[in-house]
Every structure is written in C-alpha cells, then in structure tokens.
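Note that subunit A is present in both complexes that follow, paired respectively with subunit B and with subunit C.
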Partner chain A sequence: MNKRIVLLLAALIVSGPASAADVVVIVNTLATAPTREQLADIYLGRSRAFTPLDQSESRPIYVEFYQKATGRDLAQVKAAWSRIVFAGRGVAPREMASAAAMKAAVAADPKAIGYIDKADLDASVKVALTLN
Partner chain B sequence: MSHADEGLVWAWSGFGTAGAVVTNTDGAQYRSSSRQSRGADKSPDAGVDSRLGLQANLNVGDTFSAVGQVLVSRGVDGMRPQLEWLFGQASVTPWLDLKAGRMVLPVFLVSDSRNVGYAAHWVRAPNEVYSLFPLTSFDGGQAQIRTDWAGTHFTLQASGGRSTVDIYGYGSKITVDVKKAYALNLLAERGDWTFRLGGVTTPDAKLKGLPVALPPVTDNFLGVGVIYDNGSQLVQGEYVIRRQGDGGAFDSDSYYVTAGQRWGAWMPYATYSRFVPKGDVLFVGSDRLATVAAGVRWDAFRGVAIKAQVESADVSATSFVNVSPALAGRRAKVTVFTLLADFVF
Partner chain C sequence: MRHDDAPPGLNAAMTSGPSPVPGEGTGSLRQRLAALATPSILIAVLAVLVLALIWGMTLNLIAVEHAAAQEAAMVSTRKQTETYEAQLVRAVREIDQTLKLVGFVHASRPERNMLEALAARGLLPANMLFVVSIADREGHVVSSTRPSTTARTIDPEDFAHERQDDALWIGRPRKATGNREWQLQFGRRLAAADGSFDGVVVIEFDASYFVSVYEASRLGEHGMLGVLGTDGIMRVRRSGEVVSAADVVDYASVVPAESAESLTVAVTVNPWDGVKRYTGIQPLYEFPLAVIVGLSEDEQLAPTRQTTRTYLWRAAAGSVVLILVAAWLQRLSTQLALSRQRIADEQLAHAQRVEYLAYHDNLTGLPNRSLFSKLLGQSIHLAHRHDRQLAVMFLDLDRFKQVNDSLGHEAGDQLLKEVAARLRTCLRDSDTVARIGGDEFVALLPELDQQMYAATVAQKILSATARPFLLLGQEFRVTASIGISTYPQDGLDEQTLTKNADVAMYKAKEEGKNNFQFYSEKLNEHSLERLALESALRHALDRGEFQLHYQAKRDTRSGRISGMEALVRWQHPDLGTIAPMQFIPIAEETGLIVLIGHWVLATACRQNVAWHRGGLPSMTMAVNLTARQFFDEGLLPSLSSILAETGMDAHLLELEIHESLLMRNVDQTMKILTGLKRMGIRIAIDDFGIGYSSLSALRQFPLDTIKIDRSFIRDVANVADNKALTAAVIAMGHTLSLTVVAQGVETKEQADFLRQNECDEFQGFYLNKPVRADQMEALLREEVAAGRTEAEYLL
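And now, the complex of A and B:
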C-alpha cells in the first residue's frame, strides 16, 4: 500500500494530476468486448449494446476517459447527454461511488460496462479495452 | 440526482435559459415562437428565450419507465408552466419501445431537444424552419424500433395522436387544433454523422380565431436533416417542405445551414436560414425571408454555457409580432442581439 502511495506521488510530481495512468474499460467476464467505435457510441448514448456506468465527473479519470474514448470534453459530453435525457430518449450513465463499486456492478451484470484506473484492476472483471 | 429502492429508480433533472434580446427597431417585436404575443424591440426583453424545465424519470425494472416534464416559458398569455411531456414507456424487447401519453412530435431534426439550449451551439433553433409548426407535443402513442446494421444505428419512430396549441397572429389568439397527427421519423447515426428523414401529416388541421374562417386542411411536412459533429467541427443543415394540398395558403420550403468550430471552451458559429413561400402565404408580407446569424458559445462553468448572437432578420410573422404598419408593407431588415446563459442541473 505504501509503495502505491509513493508511486502515485511520483506520478503526480512527474506528470501532474490531469494525466493519470492508463484507463481500462471493463466488462463482465462473460461479455464480449466492444470495439473503440462501439465504446464511443455507448458512452454518447447512441448505442444500447451495453449499459454504461460512470465515474463522478469531478474525478480526473472522468475527463481522461471521455477525452480518449469519445474525443469530447466534459461540456460536450454533458451537452450530448442533455440532448438525450431531456428528449425523454434515455437516462445518463449511472454514477458509481468508487472503483470498487464499479467493478462490483460490472461483475454482477453481463450488460454493464465501466472504466477504472488500471491500478484498480482485478480478476472480478474483464478488460475490454485499454485507453492510453 | 437519483434514488434506488426495490427496483424503482427515479431521477430528477432540469434545464433552463436566462437571457435577454434587444433589437434596433421599435417598429416590430422579435419573438422566438409563434406562441408569443410580444417580444423584444429597442427595450431589452428577458421573456423571448428564458425558460425553465423540470423533469422526472421513473424506471421500474428494466422494462417500464415514465418521464414527466414541466416547462415554464412565454406563451400567448405570458410566462406560464405547461405539462410538456408525460408518458409511460415499455421496452418490450431491446429493439422495440412502446410509449403512450404526452410526448414530442418529431417534426424537425432537433424537435425533441429544441427547448434545451445547453444541448445546442446556437441561442435558438432558426425560426424560418422551427416556427412552421407550433405544436411541440401531442397526446397519443408511439412505437420506436431500434436496430444496428453495418455499424450504423437506426431508429424508426411511428407516432399518432392529437394536439392543440394557442398561437398569436393578426393581433389576436389563434387556436391550432389538430385532431389527428401522424408522424414517421427515421434517424441514422454513424460515428460523427446523424441523418434524419421524417414526415408529418395532419389530415384535419383547423385554425380557430382567424379574421377569415378557413376550412380544415391537410397539413403535410417532409424534412431531411444532417448533423456532422466530430468534436471540433460542427455542420448541421435541414430542409423542410410544407404542403397543404390544393392551393395551400401556407405552403413553403424552408432550410438552414449552420457551422461552428470549437476552440477549447469557445465555439464561434454562423447560421443562414431561409423561408421561401410556395403558396398564397397569408402570414408574411414579402416573398422571401432570410436570417443571417453569427454567435459564440462559451462553456464558462460546469453545466453552464454563455452565448451571444447577433443576427440580421427580415421582418416576418415567423420571427416578429406587433409589426407596425410602417414596417409591414416593405422588406425591412432588423438587427437582433441576444445574450443568454443555458444551464442544466
């Protein structure tokens, strides 16, 4: 644990808080991984192939994930989802309280998809894509 | 904000716009909808675009859901709340949704998010196209089929129902009464592209309160639209044909094209929109009407976008009300300034 904190501090000093480690997209161990194109469609509300789960938008990983997965920044993602939600066409991705909660939800639902820091990965879920 | 309990999940959310419009004339008042009985002139008017929407979503398991939305905006009788939508939905299969209640009538490309300023780059959808059809919601049913084919997402909506709305023209309130409305709407989404093809027919549309009584007409709308948005560049266009059968008084072709470029939190854009009468048009004074607009969106804070737009608009009943006799007879151009903040929460 101490080693991880030291590594984290080192990463913060070297690269600053905005550019964290790799983001991994996770699915249920029984699920088939989506492609990069499908991932963008799922997280911008164009595809219902998976049920997307979200991190809090106040976390750096949120901004990093959407930038890498969809090429959109926070405001653009918010605009895209407000177009869907206030049209009554769907609900925005459910926000998970932590990486552990994200993994638990994905492990429990073959249709769920989520994303976490690579450092939080374990065997309960399957890596669908690595975004770096 | 959401709350889960025994398979019942409810969430509430909201959107709104606060801002003002001012023009360079006192001879006509600029409005954003034919529902509005007054608008902006040389005195700034905060009621043209300002609105507030509150929405509640209820999900019961994975199959049943309900959506209710109350919208406060300026209509014929001033700032009033109205029940914009209230519908129940059953997701019968992953590809079929059935809806019943009050919902949006998909007449145009962005009909379903027209009130949500935050979702768009501009201050408002162009009046030349979006003022053609004042009914926003209808009471009835809708079947929606979704399918993926060759990497493209298709959504087909078939809707039927009835609707009534009060608009303002000729100095008085006019009721648009549509006993039957049928709509087909096809969306194709692929990557950065969205295509739309849709048609609406209202076989027994009545206008009540006109100075001259008109017989009921069959009002038909056919529209195509396209959006290209790659995250940096946005191009969007729409062409709508309106025909009312024999010698339709309100026949028209309308279109717009808009483009914008994002630089970080800033997005300058420009829009050209045009209304071309094709029949004996009663509600406009001149033969061709156009608006040229330029503006900028600034994503200033989380969930808040500030926008400024300046436009040069031909005086017409689509964009103006309370037109003075001095301006009514000739082709007059009015410069319109808008400053507003769009927000979601």
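And now, the complex of A and C:
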C-alpha cells in the first residue's frame, strides 16, 4: 500500500501538468485495433489476442495507463497477474526500457500491443485507442 | 345363590366380561393376544412402528449425507492439495531456474549491467511481480531489476548461511520498510570464475504470490492455502482474503514422520489459527517446503447441517401429524368400542330381562317353577357329587283363600309379596325360595348339614308367617303348613323330592295346619290315595258319579215328615261309594266344591219341584254349604238362577252353614246372609253348640234354624249335664224365634227327651236313614196315602 502511494506521488511530481496528457495504445500497423473492453482483458491477462508490453513501474504513465485501461488499482492488477503466472496460465507483461523500445517491439510483432505518451507517437505504429 | 339372582347361565355370562381380568391364570396368553388385536392397541403399536420407521430412516439418511459430505470434503481436499503442490513446485522451480541462470552468467562473464541484459532478452521473470537483485560479498545490493530497491540489503543472518552453501536458500518472510505486504526472498550463492564466494542473487516477491490461486468457490471463506518450511516457519498462508505469514509451528507435529513424503488428509484443528479443517499436507520432494490445503469443516458441512435440520423438521412434522392422526383414530376407535359396548350392554340387559321374566314370578320377584326346577336339578347333581344332603320344603298358606275371597285379590297379592319378603329373611344366601303357584312356595336348602337345620328354618318360617300382616289397614293373620323332604333319603330325583315334600305338606295340613312335617314312607301311601281321589274328583261331575240322598226331618209332635236334607254321595266306579267326609275337604281345598255345590243345589231344587208337581205336599229342602261355597262371590247370582230355572219356591230352600263360619268374618258373613234373606231363602246353623258362637253375634244374624250338634244328642239320655245344656239350647233358640232341630237322633229315649223339651224337629237314623230319591218318593207317597204319620204309628 505504501508503495502504491509513493508511486502515485512520484508520478504526480514527475508528470506535473502533463498528468492530463493522453496515453495512446499502439499496435502493429497491420493489426486490428482492440476495443476498450478487449484492452482491459489483455492487460489483466484474461485475453491472449495480443501480447501486452509494459512500461517501467517507476514511470508516471504506468499508473495512469492501468487506471484508465483496466479501471483497477495496481494491487489488483498485480494480484490478477500473480494468479495467472502462479497457475502457469500466462506470462506477465514484459517491461520495455523506453517508449522507443516499446514502439520498436510493437512495430516488429503484429501480436504486440503497448502504450506510450501521445507525444512520443510516430508512424511506425498504429494508434489503437487513445485513453484520456 | 339367592332367589332374586339371575339364573346361573346368565351369571356366568356376566362375570366373563369383555375386558380380560389381569392375573387370570388360564388362557392368559390368548387373552393377551386378543387384547393386542383390539383396535386401540393396534393403532398405538402401528403408530409407534411408523414413528420408529420415520426416525430410523431420517437418522440413517442424515448419517449417510454426513458421511457423503465428509467423503466429498476429503476427496476435494486431496485433489486440491495435489493441484496446489504441482503449481507450487513449478513456481519454485521457475524461481530457482532464474537464480541458477543468473549464477551461471555471473560465473562465466560477470558484468555490472548483467541483469538489464538478461531482462531485455526476456530471461528474467516479469518485473511486475519479481525483483531480482545481486549483492556483493558483504551483502550490499549492487544491482537490481528495480532501482528503488537498491538500498536494501540481504538479511545478514540468511546471508551468513549462504556463504558456504550452494543450495537454494529460502528466506524467512519479512516486511520490508515502507511495505505492509509480506515478502519472500529466494536466493543462491554467486561464485567467481575460480569458484570462490562472490555474493548472492536473490529473487524477492510478495508472499501472496504463492497463495494467489486461493479461490473462495473451492476453498470457502475459511479454507486455507499455505506453504510451510521444514524449519517450522510458515512462509505464507491465506484464508479468504487474509494473507499472513511467519507463524512458527512444530513441523514434526503438523507433518507426522510416517506421512512425510506422501499426501495425508485429516480433520485437525490447525495450530496457527485454531480452525478445524480437512487438512491436506504434502511435503515437496525437491524443496524444504510443504504445501497445506485446508477446508473448514464448519463450512463444508454447513449444507449438510442445513439438510439435516430440514430432515429433522420434516420428521418432526411427520411425527406430529402421525400422532394427531393416531390420536384421532384412537378417539374414533374408542367411540366405536364404546357404542358397541353400549349396544352389547343393552342387548345383554334385554336378554337378562327376558330371561328374568321367564324365570321369575312377576308378583314377588321370586324364581318361578321352571327356575326352581333347574336349580333343584343342579343342586341334586352337586349333592350327589359331593355326597351331601339337601332339603326341599313345600309351603302352603293355610288361610290364603279367605284373604283373597274376603279382602279381594289386591290384598291377596300384597299378602303374597309380604310373605315372599319374610321367607327371604328366614333363609341363608345359599338357599333358594320360589313361588310355584297361587299360595304355594317352595324352598331349596342345598347345603344341609343336618336335618336340624331344615327344622330350624321351617320353625323360623312358621314364626315369621304367624306375625300379623297389615292388609288394607287391618291386621290379618295367616299360618303356613310346611312339608319337608330330604335328599337322598326321601328321593334321588327332582320329581320324587318335590312330590314327597308336597305329601309331607298335606300331612302338615291334616295335622291341624301351622306346623311342619318331614316326609315318611307311610305318608306317601296316604297321600297317594288322596292324590288319586283329587284326580278322580275332577272328573266325577262330568261322568255323573254324584247322586243325592235325602234324609227326612220330622216334626217332633206330629211325627210327620216336615222337610228333608239333601246329602251328596259319590259313587266311584272302582272305589265304590265314597263318604262325603273323605272327598268334601279335597273338593273344598281344590275349589271343586263350588261346581259340585252348584250341581247339588240345582239337583235338590229340581227334585223338590218335581215332587210337588207330582202331587206331594210342599216340604223344605235343606242343602249344606261349605265355607268356600258360602264366601264364593258367585253364590247369590248362582242361587237366583237356580231358583228361576227350577221354579223352586225360595222359602222352601234352607241353606245349612257351619257354625264356625259365622265368626270368621262377621261383616262379610252378615252381607251374604242378608243377601240370602232378601231372596227369601232360609238359613240354618249346622252343628250348633260346638263353635263357640257369641250369643250377641247370633242375635245379629238373620237366622231361621239351628241344628243342635249330634254330640249333644248322643248322650242326652244318660248324661245330666248334656240334658241341661240341650234344654238350654232349645230354650235359647225359641227365645230367638228360631226353629230348633236335633241332629243324630238314634233312639226312642232321645226322641222322647226332645219331645218333652219341645224341640221342633228331629233328624236321624232312629226314624229315617238317608235314602235315594225314588225311595224317598215312595216314603212320601206312602205317608200321604196312609193319611197318618209313621211317627204316630211308631210312637
């Protein structure tokens, strides 16, 4: 619990006015964009239509994304993935070192799905959803 | 048995009622079986059986359900333990693989950003759940997949242990600063290229990871998942949403040695939280850990308990309904039984009443002849079997007919009732008294120890009867005559005994009444004669065996025939002529006298009229009346019809009645005499002088003639006293203006004496014997033709 509050505070401090900035969900340009419901399922491990990629937990966008995409707090998300991983039914989203790495991974894999700050968007990937 | 009891057959029927008497020895088993068959007991037994069935089935069902639920819980626990073990082994292996990988890479070419490189290639577990850190030889973290944890150090205690050992190290659960969640650390020793200790690699994660597969749908709110170290420290456990760790338990007691390597399932109270669970424990083969899966007994059996409650409620409701129905049936059955019983009682009562009426005398309530006959038969049988004596006692009231005649039948009935009541008080309970005819009673003394008892009873009865009765407001006395016969001396069968008692009773009557007589053989002969006479007498009138003789009465002075007395004679075809003194008492007793008397009167009157019409002078005709005739209600009407029928002049008819009759019932006598007088009939007192009549009473009665008793006349010539007395009687008769007649004159001396004393008429063998009608007629004609009296001639 403490950890989450710390993270939240950190996110607020780092992002500052940018906290209101849009998060975009990106997929491979060849891929069909998922709906919002599908997105939540994918990032809670309930759908295997896409391979979810993750940003570092220490970045502000991490908290914002999960809140907007799944409507859950991080503890709940973690619990969901814990169950899946422990039971061997899936693998938790892999953490990308940067937005660029995320874009590269998505561009390289038609099944990959990721999220970045709208500001970092370029043509290598396709915007599936914009979360705001 | 008392006389007012029901007959023996009925008594037997009454004592063996419908309900069996407990403790009755014979046939008690059958009675009990029969009692079982009565509806109420049958219903009760059935109800109990059905109740037992309901509850037996219910309890059995509950036991079965309970066993099934327990079995299901055990099976579920076993399966989930197996699944959980597989999941945990895989998860731990994955962690260990990562540790070994990092160790391998470190040993081959150690670099500072080794973890980042491995992570970039996806060779480390997801950052989201796991933090991989590397510490140097002193335990300081030098590299980590999560930079924020860099400051953390490895637990020094664990670290020290880790220096030498190359095995997988599993740390105790702990809470890192600023984190409320339990954390677990798994680690391995890092070796330098030369194999020397070069730090450790540690994977850290939330302890809850190991129990994340807890699902309430399978484990409930109070089930548990747990991972226990062989060191007795609980690495993590979860029950519902609550995750805890670090409990210290005695591993050996939780995981028994014999089951250390295999899965065991048992119901135990878990020492870490005190909850009773179906607990499955499986130690892991490769790691110093054991998985624990628990299902709360309370929770698992709750549905069964609910079902059990439902069953119990249903059974209870069923029982209540059953009991109500049984009670209702019981009530119906009881009512039915009661109404049946009532009907049976009524029928029995009716039958008893009918039987009672058939066997009892209506008037007195005493047994009647048929019941007595039955009882006597039984008593004889018993006396024979037990070699005992018994007595039969015949009793006849001596003056009953007079009561009936003078006071009426109602008074007679009342007298009989009273006599019956008195007889009862004279007898023991075992004795019986019955009424077998008008005024005839018979008593049976079945337990006769000695004849004295019979005599005592007879004497008691005589005394009791002799006490005055109060009838119609006036005191009245009767006496009884009793005859006694005893078994076996006087007879061996019912008929003989009763007949002989009857014979003895007649003897008592002859002995002057108001006494009792025992039967004897001699009596029997005498009595047989009497019985034969009685029987013959009943037919004598029809067969024309009676005839009248006439005895002339003569005037004392003229010697001429002045009248005659009609005397009845019985000419029996076998026995010859039977004297009136032999058969008149029998006729009187049997009542035949009324018929016979009527015949005598009618015949005498007819004869008298015939003679008169035949040219003979009119003469008085005297006819005797007995007491019974005199008091018979039909006397006056009968007389008037005879007079009318024969044309007889009433003044020529003289009725002779016995002196003793006058004093018996003065009022009644006066009434009858007055009636006779009114018709013009003359009245004579027969056998005057021996009946102790009071002179004053004599004066009241409307008499015409007195006939001096023959006992006076017999000695009148010799005994001075009799002379004086006879003279006085003649004088008294004249004073009362009565005609005085002397009876039984047999000698000339007697006749002379009477003439001297101015007796009016005389009668006797001296001049005339009683003769047949034709002889009498001849005599009369002779006298008329001679024109003189035989008396003159003779005198």
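The rule is short, and it goes like this: the second predicted complex is superposed on the first by the 114 of 132 C-alpha atoms of A that agree within 3 Å, B and C clash if a C-alpha of one lies under 4 Å from a C-alpha of the other, contacts with A are read in each partner's own complex, and residues count from 1 in each chain.
FYI, a contact is a pair of C-beta atoms (placed from the backbone, for glycine too) under 8 Å apart; a residue touches a chain by one contact, two chains touch by 3 or more.
A quick note: this is a predicted structure, and the numbers were derived from the prediction, not measured.
Aligning the shared subunit A places subunit B and subunit C in steric conflict.
Applying the stated contact rule after C-alpha superposition, one finds that A:Glu37 touches subunit B and leaves subunit C untouched.
In the superposition on chain A, A:Ser82 contacts both subunit B and subunit C. Touch criterion met: A:Glu57 reaches subunit B and subunit C at once.
Of the two partner chains placed around the shared chain by superposition, subunit B and subunit C are both touched by A:Arg94.
Judged by the touch definition given at the top, the superposed model places A:Gly71 against subunit B, while subunit C stays out of reach.
Steric collision with subunit B, judged by C-alpha atoms after aligning on chain A, is confined to one stretch of subunit C among 78-86, 528-536 or 708-716, namely 78-86. Overlap of the subunit B and subunit C interfaces on subunit A comprises residues 57, 78-79, 82-83, 85-88, 91, 94. Within the complex, the subunit A residues that touch subunit C are 1-3, 6, 54, 56-58, 77-79, 81-83, 85-88, 91-95, 97. Chain contact summary for the complex, subunit A toward subunit B: residues 37, 40-41, 46-49, 57, 70-72, 74-76, 78-80, 82-83, 85-89, 91, 94.
Of all residues in subunit C, those touching subunit A in their complex are 87, 90-91, 116, 119-120, 122, 125-129, 146-148, 178-181, 206, 208-210, 212-213. For subunit B in complex with subunit A, the residues that touch the partner chain are 2, 11, 13, 15, 53, 55, 57, 59, 67, 69, 85, 87, 94, 103-104, 110, 112-113, 115-116, 118-120, 146, 148, 151, 153, 189, 191, 230-231, 262, 265, 299, 302-303, 305, 344.
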